[in-house]
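For reference, chains read A, B, C and D in written order, and residue numbers begin at 1 within each chain.
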């Protein structure tokens, strides 16, 4: 029981990390390798507001999210739209966007180093125990989990129910047909990309309450997020949530019952197995 | 660009505070420093290494420069980022020697980068007084590279120090016999754990839990839950900076009640106290300083004044003290590297950590191994022969 | 007359949609078989199943008696079934000659070096592109790209050639040339399956036709027979007119 | 395979060039030599990378993984085996690893491959540290008498091998198959090319070459630990250099490596605090301004000059 709750809490963290990337890759068709840096930047903001003015990270997200939204919108317009226009095929866009976002990730690491320095940054927030089913868990993890549930739920509702959500899903499924029925694909893709960035930065602010970050840790998170998104199926919110929870549970199981030294190896193994058995991901549509 | 900035600061300091002659080209010495500013070890170097380079150069320049053969020479720093990449470290050291014609070259940062560049320092005959490398092969290294001095000690004494402190607490009756050990699965953590485990067993401790976790683990709560359910009297973690924080926080959340709580790297960082505040009273950690010593206190105050940050209570002062050794040797024998090396071998030096004296293996035999947070200061409680150790106290409940 | 290629109960489902339903037919040696039917009747899908571009859901395909049903495309090509594509696919970074050599090097008969080059030159002559081997494929006219693709297919000396709407999109003059070219292949004794819409071409080229509608075979016989079949007419013109 | 007079001329010229650069240790100082080592090392890595990624368009980020494995082969093996057996051993281990990775991922789309290779170095690093932890092995010391010049010559020899191999592949059926795959994979399959097998075979080249490179460089590092041996930066730099040069020609990566190494030196000297930032910026510049690398640029210039000549 203890393992399951711990695993679910960790899975919630992973969902926060991966959700933004899923929006960016699934909907806007941009494999954003600078995603982890956006996460770290969100964490930096939370850290800075907390140490400078004791602003709660739970409130900081309301500043972080719109700023990240605007920043990612700009990134899309300035850097990625020219690539989308130039690309002759999906594959070409993929290669170009991978290279560009690599470059962007280095640029953001460099900027963060220049602004914040290379030091670790960590602070204590909500680090008291909460008791669930007879066991104690960190309140900050529980808070992050609850936020993850709220964010994922809201995203799912929005994509499933609203008109904007419908159009975004339409371009995810069939960008060319979407264009034919009068959807401004470029604008919606920019929206999805910006939204993804905002979700990622929010996740960063939340997880910084219990993880120690520094300017160069972003790539670790990008990697985890990629694995989760691919496992869950590109462009599918449910898949991402389930893959994140599965990964959290698996890692906790391995750490508790086998050997904590093998958690990352186990996560990787799971990824490979899913790739081999279902290359389109748990919930992905098989492309023909 | 960076060089000029430092020169300007130095010149400004001279012009305003100290009525010495302004630095002219032939009166300056070029000081080369290579260490990570990016990459995995940048976080540690930003705390322990770079601020000391800045502090040392400013301090020397502020007192009128280095006295070389009777002439006052100002210092000018050339900094290179090796990106935590040994190949870059090697290249940068060679560049310092051959292109920049640096007069003084400081040692790099971390065990791996120091050892990777040791052959280069050796080939140029440059004294290399390492301050951030730990190795148990000091004798072999000094045989192959007689210019290399090791000041931070080896994994063996550091791990044994932890055993010794816990043994003392047990023998005083403060803690029981059960100890839980975890370590980060990375070179230094593994080395420490491998020394400590048999040593704890030999000392009569019962190992109720032992485990490792990968570097970069995002969730250490399973580890801490397992520790807690093993119900130890003492907890020892040979950990790295991110996990030192995570383990401490998890221990507080799980309310792990032990009489001795030990975490390794970063326990001595000011940011550790900054994050956990008073709750870490009694926490043990790797390193330590003679915190009550006047020399250290002056150093700490200067460090904060010049760099804007407090020094850590382990490597910072050690790094600075090796700069002082170099400084004193140069003032004694001039810029002749071979003479400097001989001078370092032959003499003892008075530094911010007290007396520093290398043995026949170029090894500093007396260094701090364990420190403890007491009244908001991380004080040395165990060492291999340093003065000023305070008594270790049993840890109370988390606050 | 022995069957070179035979299909038995070949079925392809895309989720709930049955694109090809229990197709049965044989192709004999030296025969030109026309596979015809209205748009969306499953002709191209059938071709894709034979060439291995799509996996078969159920049923069996055999080449000279040995099953090729589950083989990947490259093995089917190696065993001697070569195809053209509905939308011409050339290798853009290569010269015309190299495009044709691709077939000669990796096809049913595998050659290398000067031999492969010689075969490719011969094939270019056969399709009427002699002396243009050095050109970049981007410089070609539409019909010439089709010729290059055909030459690539022939260069591997396949046992069965699949032509997927090879005559589509040609202007009347080009169409005449195209029909003449295929007739020449037929006269050489090649075994060909032709998916085609151009009725005149079907009449003049095909020995036999298989007609498909909604994924199912509805008629089989000589062109004259099937085109007179009321069910075929209904399939082409729709139920209302029948 | 017969060689034409042009081939003989090119081979002779290459051999002369090789002989000339082999004299570098006597011509320049230590610093110059260390730049030489850097250039040859990245030439080897980037050229072998481009041999695979050029025709297949799969972006491999596994260089660091193979390189790290190679350093460990030397680090662990040097206590038990003579040094000269270690390099081929590293090559074999790298090739086996590459075959496994290829079998698992090369049948899938390029994105999966990128992600997989991005994580591979991290994964192997975790497994090695876990192994060290379980076995109680410590950080590894490689104390040898091998000098920088030895390392330089070994790398040069490897570079010559890589070029010969690349040249031979270019003239072989495999090379031809790969060009077809690069143009249109579906055509390749329907022409009878076993595309997955061809890709896996080719992937063995960067895998084993990077492992051998790591094995050669291990003595230079003296002390080997996972975080240094498996640094992901290496993979990224190899990609940038190869793309800067262009992957369309065998010599493409070389014309990327040389200017990039000097540019990088320049950046490290003038703005040591912003290397990461500038690395990122150079990445962006390459993607936006030189999408086909210097090779593409030369091609465009030559075409323009050619067309002017006609007019």
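Definition applied: a residue touches a chain if its C-beta (ideal position, glycine included) is under 8 Å from a C-beta of that chain, and two chains touch if they have at least 3 such contacts.
Chain-to-protein mapping (UniProt): A, D = Branched-chain amino acid ABC transporter permease; B = Twin-arginine translocation pathway signal protein; C = ABC transporter ATP-binding protein.
Because the structure is predicted, anything quoted here is derived from the model rather than measured.
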Shared chain contacts [subunit B and subunit D, defined touch]: A
Of A-D and C-D, pair with higher C-beta contact tally: A-D
Centre distance in Å when subunit B and subunit C are each reduced to the mean of their C-alpha atoms: 75
Cα-centroid distance, subunit C relative to subunit D, in whole angstrom: 43
Chain centre separation (subunit A, subunit C; CA means) in Å: 48
Separation of mean Cα positions, subunit D and subunit A [Å, integer]: 32
Subunit D residues counted as touching two or more neighbouring chains: 126, 129-130, 133, 273, 275-276
Overlap residues in subunit B, where contacts from two or more other chains coincide: 37-40, 185, 212, 214
Multi-chain contact sites of subunit A, meaning residues that touch two or more partners: 109-110, 113, 259, 261-262, 264
Contact graph of the chains (line, ring, star, complete, other): other
In the complex with subunit A, residue positions of subunit B that touch it: 36-40, 42-43, 45-47, 182, 185, 211-214, 216-219, 221-223, 225-226, 241-242, 245-246, 249-250, 252-255, 266, 269, 271, 274-277
For the subunit B and subunit D complex, residues of the former touching the latter: 1-2, 37-41, 79-81, 83-88, 90-92, 94-95, 97-99, 111-113, 115-116, 118-120, 123, 136-137, 140, 144, 183, 185-188, 190-191, 193-194, 212, 214-215
Contact set on subunit D toward subunit B in their complex: 29-32, 34-35, 37-38, 41, 126, 129-130, 132-133, 136-139, 141, 143, 217, 220-228, 231, 233-234, 265, 268-273, 275-276
Interface residues, subunit C side, partner subunit D - complex: 51-53, 72-75, 77-78, 82-83, 85, 89-94, 101-103, 105-108, 110, 112-113, 152, 156
Residue ranges of subunit A in contact with subunit D within the complex: 31, 79, 82-83, 91, 94-96, 98-100, 102-111, 113-114, 219, 223, 226-227, 230, 259, 261-262, 264-265, 268, 271-272, 275-276, 279
